[in-house]
Amino acid sequence: MPQTPRAPHAYQSGTLARIVDGLRYGGGIGQWSWLAHRLSGLGILFFLIVHITDTFFVVFAPDWYDHTVAIYGGVWFDGHYYWPLRWAFRVAELGLIASVVFHAINGVGVILYDLWPKGSLYRKPILWTVQVAFWGIMLVTTPIVLYPLRKAPDQPAASRPAPPPAGVASVVPGR
Amino acid sequence: MTARSTGRRIRPSGGYELFMWYFMRLSGLALVFLAVGHLFIMHILNNVETINYAFVASRWTAPRTGWIWRLWDASLISLAVIHGFNGLRQVLYEYLSAGGRIVAGTVTWALTAVFIGAGGYSILMFQPDEGFIKEHPLKIERTTEISSASAPPASQPISVAR
Amino acid sequence: MLSQAELIDPQARTLTVRIKRYNPEVDEKPHWEEYKVEADGHDRVLDVIQKVKWEQDDTLSLRRSCAHGVCGSDAMRINGSNGLACKILVKNLRSDTLTLEPILGLPVLKDLIVDMKPFFDHYKSVMPFLVNDEQPPTAERLQSPAERARFDESTKCILCACCTTACPPFWGDRKYVGPAAIVNAHRFIFDSRDRGAAERLEILNDAEGVWRCRTVFNCTSACPRDIKVTQTISEVKRLLMTGNIDLDTAPSVVIGN
């Protein structure tokens, strides 16, 4: 009797391949919301780590603290103003705000699914409410955050009396 | 603790994953006020370009409201760090096998302790350096020059939210 | 006068069928192949696949049995999302390209056939059978209509695996029991005649149990039996938290989704 040949092996994709393949899955807005929730959560965590570290400077090196936060305004450690630096930090700031706003609103939706007995029966309305609330808030917030970029800081950078303190110079390579 | 069924009722079970799952949701609700409120005050009412040492000092050492801001910031940091690193742990668990999970669990909890320690220390142990504040006072106006030339003395009433 | 084709079905169309093929005897990994099929609007996706198999390439392998959405054997990824090939009509396809792949996360044996063993192992792990060692009554174990309705939703499962293989946490972590196993645990946990709830909850109260669920709802959208899968998972989660089995609560009402 001829034997049925057994398949020599089965195909098993790796974890990474499955995740990438999953991006093509038609999970629609629900699956994208989940992905955005995860990525925004991890992004905020990264920012939080940086932020706790820079705030730590207030207790032992006030000058380091001032020079670090001055970067947000486009002033590098050398005391000079660079507009691309300021623009980049503004846009990143907007990204942080968007991440927190989305994560917070969508997080409340997730909490509703889990803790409100009927929550998961109202999935579509909750998903759309999250979208409307998020874009509504960002529509108002974006201009407020970007408004100061309309003009450069009042004084020209050259005339700025901001010599770096001795403590900082030592941590900036190339100075 | 184990679940035990006695006819129609079952005692709630305890357990690490159940507890952390619940914590994620409760801390999430608290963070809606703490984190979003913090962003609103710092990025909308104020402007990050005006934040400096003197600003931080004025908030945390304000005569009547200082302790509120310190309490706010300390709660925000503790809850957000635990919430965030536990979230990271859950994500890592999803993609790691048994051995990797032990490492991920240990590392995330260790980092949780480190960052709550660092953040809590800055907030609670902060002592203003008056000399430094005199030299580098508050910056108030949005888009105002980074230099302190035009800023008023720190003692003057200012328009930042506190 | 209407032509013959229009009389049969005005929505007849030519489909480009892309199928992810894998032959374990020659292939290292799956590859795509394309076929052209004349399909009637009332044809099911399963009919289209069979046209390919019968008329163009008889090496194409798939599982199917009832062809009427009852046995759950022809679950596959159709145009990106999971479904039963025998339940989706050609007229409901949004594009003229029909993309077919095996469900994601289980080992592929050949073409559209996956190894269901890991899936059924998860199913078995939650004790999907009635547990009651009390003295049996002389007649049947009676149950009120309300008590029966409490778990009606989860009795509808046909174990097709559409839900579990649509679940992003399952793609990452194949030790996760998955939505199908939780639905079938729910089936017995909320059954007034059952006494095994505590043991099942113990199994599900784990990083590989209900707590792995991230409420993505892919399972609910994929279920060909329209089971409110995420809702049943949430009910198990809440039971683990509160200990309140609330058998008398009205069954989950069907609102939107």
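The first chain written gets the first letter, and so on, giving A, B and C; residue counts start at 1 in each chain.
In this section, a residue touches a chain if its C-beta (ideal position, glycine included) is under 8 Å from a C-beta of that chain, and two chains touch if they have at least 3 such contacts.
Since the structure is predicted, the reported quantities are computational estimates derived from the model, not experimental observations.
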item	value
Pair joined by the larger number of C-beta contacts - A-C, B-C	A-C
Farthest chain (mean CA position) relative to subunit A	C
Whole-Å gap separating subunit A and subunit B, where each centre is the average of the chain's CA atoms	16
Distance between chain centroids, defined by C-alpha means - subunit A, subunit C (Å)	36
Cα-centroid distance, subunit B relative to subunit C, in whole angstrom	43
Contacts with 2+ other chains: residues of subunit B	95
Touching two or more other chains - residues of subunit A	15, 19, 38, 110, 114-115
Subunit C: positions in contact with at least two other chains	172, 237
Residue ranges of subunit C touching subunit A (in the complex, touch as defined)	22, 24-25, 27, 29-30, 77, 79-81, 104-105, 107-110, 115, 166, 168, 171-172, 214-218, 220-221, 228, 230-231, 234-235, 237-238, 252-257
Subunit B residues within the subunit A interface of the complex	25, 28-29, 31-32, 35-36, 39, 43-44, 47-49, 51-53, 56-57, 77, 80-81, 84-85, 87-88, 91, 95, 115, 118-119, 121-123, 125-127, 129, 132, 136, 142-147, 149
Complex contacts: residues of subunit B adjacent to subunit C	2-5, 8-13, 15, 17-18, 20-22, 93-95
Subunit B-touching residues of subunit A, taken from the complex the two chains share	15, 19, 38, 41-42, 44-45, 48-49, 52-53, 55-56, 58-59, 62-63, 65-66, 69-70, 72-73, 75, 81, 86, 89, 93, 96-97, 100-101, 104, 107-108, 110-111, 114-115, 141, 144-145, 148, 151, 153-155, 160-162
Subunit B-touching residues of subunit C, taken from the complex the two chains share	169, 172-173, 192, 195-198, 201-202, 205-207, 209, 211-212, 237, 239-245, 247
